[in-house]
């Protein structure tokens, strides 16, 4: 398949959606991104990367980092993490706290904030420095040694981080954190603040398409573990729109409020699309349209 | 592919799971089913049906009927039903009532009871006799003119139907029912009580694999509508185990507490597996194991 | 104390509040009441009744009936009813269904609708005709043989009764009803529809001030049982404004959306005030102001 | 009335309840208190204090401190605090977080932990040192200059304080805290850790019986403000047993998990009873029995 041609057709299609939606404004550092940006990149399983538009412009990965922290924990603990976090969709957003109380401090899945805090907590225990571990991993997988945290974003998150602190303390009250709350939160915010381009993210997510193999051919995850992450992405990766995403795109995907979405075609390729305008559920409007068109063109949807 | 051979290998694999789990006991009529039953059938898109074990023994379809009522409503209304019911996973079971109150009487998806009541209500409006309409449809699609309601089951459901009546009245209080509550509930129970075999169900669900075409080649649904139903099955079709099912099976599927599961490989075939022992989430233990093994053998999982 | 003079001063004070608030409009039959009405009556423990303004104009008792059904059940069962309904405040209104699910079908107190349905159910079991039993009791206690149901109101309630039917079926699903749901609901609506004046209600509630003695001197309740009802009125009798009422009025009271409020000064007298304009919590604006002024004048508040 | 004789009769009656119930064990520092202790004290409005049993033994005031922080805030802000915290009962304990989310970070009343944190936050803003302010106030009102914090208790609370930290951060995320979370929590724990005897507490709570006048005759609160606090105590002061307390005792009261209960007879006296065994709702078993008997003997119940 001529990936470059496909991406160009996808980008042409998505163009009319660019600028729609709202840029995330819950922290000042994200508000400033221009809404007219759009980029898309595809990394095939041999590591070849194709791209169109603003595919080399860095943006804030935000919740996309949740995929990588989960992978890094599973690389060490395999399926043990599921004792501390579920892997089922969570229903509506309000559930975060209600659900935690009902289910004794065990979050529904690793892609809601509460669940990602548990995963980060575990990564912190395993490595002693969860955020730096992730940064190094992303540098190696993307082949980009310049990846860095965005301190302004991390600080801004911390300044507006009371909701996440509430979640963390609440789970701690149920005994579901191993490290002190401030440390867990800090590493969580640093992870979210990493700046990467579509190119970087498509490459870094390659192990999900390669059934667990890293860029250098070494094994990060067993095939069934990579499959597990893909399954969680499909059912839980796009906030409260997983059903809609499964229908429209039909691929495992993880979105972030920075406007990025990483999607996986297992055995074939990893994509990353970026455009900052978000729909009411926090997913990139033009990004979702682009992935929708991609699976229509390639026939690689599940359905 | 030699479907018969595949099914035999699947059945051999699943054998060790047969008898595990609990038979549904919330109504007396379901308790009596012997736990050692196991059947599996596969209908290819040409209507050829293969089967192994108790694949011709009728059982109570229960919630599998929710797939057919949704299809029959979409055949007439296309996507209009989504104004009255969502299409996102619902989180934990307890949500049923909490979620309805929070979201003003709009159920999260058509496969939780509240959502299926709305769909049945709409089918009743469209046809004047929702349950008979479904029975006739299933007779035609399965090619089995002997399909019938099980009055003992329907009566038993009605006798223990206060929870469903509460859901229906609650939605009516929000103006989300078009017909009188007793009529909606009655047709809902009749639909659940239909007795079908694996053979019948695999054949009757063929339109989901044929992108909306019925057994006689006529069009029931547009391709995108069939895709929509498959997507809802994948994310919401197996109660509170959709994430686990996506991982293990990776196919759109709808289960019932009678022990049946219908699964779809779009463009290829529809399967139905049956074994009455249920896991804690209400899905057939041996049935899930069989589908898991089927996708391992065929490589037709999503991931 | 010169009760007539006190009532006149109270009425003069309350006059400026008359017409404020909204008339209940959830059923058409209640909407038509003119907002400029105000009446107040006081029955001393000897049965002497004083009144001012529209104190002899009948209005719909609505939730005030919950006090009488509770008394009639306790007269037979004493404290047994507390196995099926709690006696603590319920917090916010939304709790109705959430709380029922959480607490396995046991309502928080007998003055929320769910709790009153349980009490009516029990009264139906005890008497075979809950609403007629109450009507006869109220005729005797008020000395007014003309008291009657208002069929238009009862029909209107039934027509808009899905929320109450949901509550009743939900409790039935937990085994917390003894009679068929339609029968319980019907008697509940009939009870609410009884028309009484301030004069009738002050007289009929006399047993609460007389520590359980009826108008004819016979004993309806033990003193501690009457005390129990008064305590539940103080903490739960005015919907979600019990704290505010305790502060302003400091007396056991039960309000109804017809605009009536019955209040008790144990050992001294029973009051009933009526004015149809309701505040946002469903309590009569002018009625609350009148009771507030009454306790200021008499010093009979708790605090 | 011969208060000393009344207290002796009350103590004799309560004796058989001493040792019943469980000592609070959520923090180690409270577990060590012997269960066989019982003391009761009464301060009349002239400041005369009577006592029986262990009435001069200090214990941890815990939630009783919530009454004093509320009074100190109202002394400055009058009724303004109600913009940030409600004054209605909260229903079941689980509500804490659910209710906060539903009602946008505004706690239901100042006597649940969330509400007390808001009050402490305000006191901290007003004084710059909320806990020391309270300690000095209590020393002056009790006439006991030796009152002190118990550092072991405060440390123990902080060590097990994740639930309170979650509440505080959650409210901060809604903008309902003025000070940094750690500072609010710290002062809250210090307040709870103050050690006082029945004698000290009965004397210190005298202003509630004196309609707002302090021990030295100066005015702390307007009469209506003192009335307001008493009303909140009656409807919300005993955790999820306010309805039961209103029935049995019929007086404004505030309990703490240290086993103390302060009760007020407005215009007459303030009582404090202490016995460490708690019932399932966190109220002293022997303490409640004692107050019940006190109102029976004196006839000073509401009902």
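Assorted remarks:
Going in written order, the chains are labelled A, B, C and D, and every chain counts its residues from 1.
Note that contacts are C-beta pairs under 8 Å (C-beta built on N, C-alpha and C of every residue); 3 or more make two chains touch, one makes a residue touch a chain.
The structure displayed is predicted, hence computed values, not measured ones.
The minimal number of chain-to-chain contact steps leading from subunit A to subunit D is 1. In terms of C-beta pairs in contact, C-D outnumbers the other of B-C and C-D. Of all residue numbers used where subunit A meets subunit B, over half belong to both copies. The two sides are thus made of the same residues. Centres computed as Cα averages put subunit B at a distance of 56 Å from subunit D.
Inter-chain centre distance (subunit C to subunit D, centres taken as mean C-alpha positions): 32 Å. For the pair subunit B and subunit C, the distance between C-alpha centroids works out to 48 Å.
Counting partners per residue, subunit B has 94, 98 as the residues that reach two or more other chains. Across the complex, subunit C meets subunit D through its residues 86-92, 94-95, 98-99, 102-103, 108-109, 227-228, 230-232, 234-236, 240-244, 246-247, 250, 252, 266, 301-303. Residue ranges on subunit C touching subunit B, taken from their complex, read 94, 97-98, 101, 162-163, 165-170, 172-173, 181.
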